[in-house]
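Sharing a structure with you now.
Labels for the chains are A, B, C and D, by order of writing; each one numbers its residues from 1.
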Amino acid sequence: MIDVAVVGAAGYVGIEAVRWVLAHPGLFLTCATSGTDAGRPVSASYPALTGLTDVVFSEPDPEAIARKSKVALLAVPHTAAMGIVPGLLEAGLTVIDLSADFRLTDAGVYEQWYETPHTAAGLLAEAVYGLPELNRSKLAGARLVACPGCYPTATVLAALPALEGPAVDSHIVVDAKSGISGAGRTPSAKVHYCSASESVSAYGDCKHRHIPEIEQVLSLALYEEISVVFAPHLIPMARGLLATVYIRVEKGFTTAKAVGLYRGRYRDEPFVHVHSAGVMPSTSEVRMTNRAAIGVMVDERTDTLVATCAIDNLGKGAASQAIQCLNTVFGLPETEGLNAWSGVV
Amino acid sequence: MIDVAVVGAAGYVGIEAVRWVLAHPGLFLTCATSGTDAGRPVSASYPALTGLTDVVFSEPDPEAIARKSKVALLAVPHTAAMGIVPGLLEAGLTVIDLSADFRLTDAGVYEQWYETPHTAAGLLAEAVYGLPELNRSKLAGARLVACPGCYPTATVLAALPALEGPAVDSHIVVDAKSGISGAGRTPSAKVHYCSASESVSAYGDCKHRHIPEIEQVLSLALYEEISVVFAPHLIPMARGLLATVYIRVEKGFTTAKAVGLYRGRYRDEPFVHVHSAGVMPSTSEVRMTNRAAIGVMVDERTDTLVATCAIDNLGKGAASQAIQCLNTVFGLPETEGLNAWSGVV
Amino acid sequence: MIDVAVVGAAGYVGIEAVRWVLAHPGLFLTCATSGTDAGRPVSASYPALTGLTDVVFSEPDPEAIARKSKVALLAVPHTAAMGIVPGLLEAGLTVIDLSADFRLTDAGVYEQWYETPHTAAGLLAEAVYGLPELNRSKLAGARLVACPGCYPTATVLAALPALEGPAVDSHIVVDAKSGISGAGRTPSAKVHYCSASESVSAYGDCKHRHIPEIEQVLSLALYEEISVVFAPHLIPMARGLLATVYIRVEKGFTTAKAVGLYRGRYRDEPFVHVHSAGVMPSTSEVRMTNRAAIGVMVDERTDTLVATCAIDNLGKGAASQAIQCLNTVFGLPETEGLNAWSGVV
Amino acid sequence: MIDVAVVGAAGYVGIEAVRWVLAHPGLFLTCATSGTDAGRPVSASYPALTGLTDVVFSEPDPEAIARKSKVALLAVPHTAAMGIVPGLLEAGLTVIDLSADFRLTDAGVYEQWYETPHTAAGLLAEAVYGLPELNRSKLAGARLVACPGCYPTATVLAALPALEGPAVDSHIVVDAKSGISGAGRTPSAKVHYCSASESVSAYGDCKHRHIPEIEQVLSLALYEEISVVFAPHLIPMARGLLATVYIRVEKGFTTAKAVGLYRGRYRDEPFVHVHSAGVMPSTSEVRMTNRAAIGVMVDERTDTLVATCAIDNLGKGAASQAIQCLNTVFGLPETEGLNAWSGVV
């Protein structure tokens, strides 16, 4: 059993991490920390966990975490993680960080998009970007994993095979649709049921912080500068994320070829499923799982490939992907503890 | 491993039964039959099961089922089950029936409410009503289990402790709220998203077929005739069922006493949780689980006890309860394969 | 044109009052006050009103309100209204109050349920309870109207005909289901989309403040003490409220008789519609209207009448009912400005 | 009063047309025809119209329609309209057609996309495309109006100002999100609440029939061939449509310039509202109205303009736009009968 602490455990991503750790036969939850909910039983804050765990949220005390745990799953806000990670690493822990703090390789880019100095820039070179479909070998034995954002996960999986192959333009359009849990647990006017239901809207600018992450991952993978225009939308569902990418491709490329290309690319991936021609995925089919479902089609009139990737924003987009990374870091079977599935309705 | 066939597997209850069988370490799915979907892979009809099973829906051939299986989970419509059950029993199978055909002990009552002759009335005496919280000992070794309806499950769990104790009136009011999956998988105007969303309504009469079942179960348990007025409502959510029961109680009975009574009654039940005073359960906390969550309060002004019981109508209200029964019939640990839980959001 | 101020206009009830005043051909909106949104254009807070009004929320200054207006529609919180009303009356205005402060005739009862002294108890005798279906004649010329709560409106309309006639028990059960807007505009964990969607639950105790209001109204109308047990539930829709009432009736009373009774009782009511036997109303059919739709059925097995009344909690349950009262007070046609209807889907 | 028949009145678009005709002070509804619902009162099929109209759906008899009406609003399916329109025109009626049959100017293109011969191709030249923002002058006095589809309405309004100005590429990406009512009233697996809720997915191919319509309208307006890749998505809400368009623009073009451009373009349009920089529209703000709300921003990193246009798919995307056309054809004030608005929540 590997002893795991979940730090920042009371937010939506944190509590999902708790849930996945509890369900994993090889992991033991040492503590679930939360500044806001410390002292409350987990099941008081989240009645869905009633009867499944007696853990009580505890204060986030780095020494206590380090003493009891071998791994820390960090689900604290961006800019907070970089203050905690160095100490945990020094104490000998493996850190799987779900924040954005160690995703960008260039501290300057981080500082530009997050508008704050990076206080642990020395660790950026060591951090492994935690998308197993790209970085499986680097993850083995890694000390610090930077788990991808939800939008980059879906976007990269949808775009990569096309960009590796038939794409003729390094500029792509990404239109993404996220469920409301993507906006976090904190109550606000935007997430009020009466505002969020029966409505859809785009975010107000073209400056989402996941843009540099998407561009970096694709550019590194392709040895070529990729640029994206990215417009995320909030839609009325609790969980789920669909990224729709539009990529100009060479003349004569067809839907059948595209499906073949994508299926070949992901043949050995346990968590990526490519649908048949004519079938595009629904987010409901991956709800509460670590799976990514991809559909791809080519508009032969305009030589544009359209791919959509459906994930659970809190699963493959966050907490269960962290477990997939953890499995890979420690040499466990990659699918261990991850065979949950969504209900059929 | 116990070989299990799911008969009528393409409806909402049937496919949930498939899902729970697949998740159970001691069960092996021999076949999933469906008249309408025969020949289609399960994952084509239900993409949420993509990658999790290669089973293809097969024609419902009783001989094939009997040859391959030790247990049949029946999720066929009311009045269809009684035509199939005798043959399966003769072939030596154990039958866990999710229809209403073997729930009522009196064939006359069945014929009155279902308006059709009962063609297997000789088996009614043998059938064990599959509510483990009531009938655990009778379930051990049973050959034919009649699983409760979703409304009776929630109603009986909510009402029983009060009726056993402080109730002063044998007539109770049951106001129930069900998610849309309770209306089944067949498309209709009523379940069209545009009709069902943003709306709530009661069913059109006071003659729901679950009434005689509720009255029978409570009357048998209490050695006293209990009568219920029962009004089910359809509310805009996919899954979940909440039963609210109103019971007149003796003067001086309090919420604190009620919570104590209910907690004592269900102390040893692995799947029943009674909330603290002041907390009433939400259906979301039991979604996709076999759990029942109960809240109870007493209106001391009017000496009325109000209890609500939240279940997943397709889980504890149907498919996972069938697995709980199966575990009990075969002497497996009662909770085996049933420790799923809902996501926290 | 009658000059109308809406006080407390930025909450859900207040902004609905603004909307109905703007739609009314005989009313002129002098101001919409809000402590929180003062200085913002109404359409900035509520983009749905874009292009329909240029009004800017203003500070709630009683003198300014009084100088410009003949009528004040008050949508401020309970306990706040009683501090404002006396001054507005003294300044010569008619006050239509949507809070609870002047609904209860007995200051002692108010103080018991609202746990605060009533500072304007001297006005209680004068206040007219604003349910036109009960108090039409008293409303004509009234100076102070106390508009009913949403739950009492639906409950009284559903229960009154039965209590006037075939009821044999003065204790009734009321199970109510409200959309999320009933919980108000202030963000909270409870109204977060991720908590409120796909779930239903009852409130945590039997002490909702609408209970004494319901009992008072029914008891006064019937010259008999009526007691209610009342359990409100929150269900996943933005607007709408359904009250289901259970009333013991004399033996031999039938659904057909019940429909006849209710249709006779409401024959001349422009905003109350009684459905045919076998049809129970949906809240969607009254969304964004001032209408109440009623269905009634009798469980002849148990001699219990079940009636449901569907209203829009912000319409007939609040703002449009205030306009109906205003019309009646000033001798305008009762339906003037109130012929809005909901969309069909 | 202008006598108006609604033909094909029982579908979602048809019944919305009925609703808008009833609400219009200058229109009189002569009949509402429906093959499926003939003989039923409108309010029996759509209880939301209870008390507002006594009209009974009638058989679609062209002679009866012609005898009683001056205008026919046609909401029959594609390929059915072209069989009815010639007779109605010959009988002297004005026809406002909501189907696709007279939208495309080239019968060959129609036959390619709709896979059926056009039986009234001789009328295509006369039909006026009913987007008043483009064709106001041609609409005056027109005999046959072809109302735009919902996707083309939103797309053209979102794309046109950019294509007229700063665009540097005549190929654009359109990612559209529609509520479930866009799939029509007929029950199906896709629109079952349990399939449609909590999920989003793209349509299965790149061949939506609105593509040639969008390309034709933009190309005619711009005297330049425009090509679109178009991916519609179904999202979990009953009503509403959001089109997001991506257009490459000249270097140095900014969000501020874009807002200025769009505001100038639509300055005199009563039903088009352009939001401030940083604010993108929600579909909820135009629900049940004839309004289009537009937001525009420029990704200066990639010189891509992103515009979103929110409409009600059954309002400005269908029925109320038909009324706007009717007003224009007959010289009524363009906004007459169209000042409805959505509720604020």
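Basically, a contact is a pair of C-beta atoms (placed from the backbone, for glycine too) under 8 Å apart; a residue touches a chain by one contact, two chains touch by 3 or more.
Keep in mind it's a predicted model, so treat the numbers as computed, not measured.
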| item | value |
| --- | --- |
| Per Cα centroids, the chain farthest from chain B | D |
| Euclidean distance of C-alpha centroids - chain B vs chain C, Å | 38 |
| Mean-CA-position distance for chain D and chain B (Å) | 46 |
| Overlap residues in chain B, where contacts from two or more other chains coincide | 12, 181, 194, 197-198, 236-239, 281-282, 284, 287, 345 |
| Graph class of chain-chain contacts, one of line, ring, star, complete, other | complete |
| Residue ranges of chain B in contact with chain D within the complex | 12, 180-181, 185, 187-189, 191-194, 196-198, 236-239 |
| Contacting residues of chain C [partner chain B, same complex] | 171, 173, 175, 177, 179, 194-195, 197-206, 211, 227-231, 233, 235-240, 242, 244, 246, 255, 278-284, 287, 295, 297-302, 304, 306, 308, 310, 345 |
| Chain B to chain A touching residues, read off their complex | 12, 15-16, 19, 23, 46-52, 181, 197-198, 238-239, 270, 273, 275, 281-282, 284-288, 291, 293, 314, 339-345 |
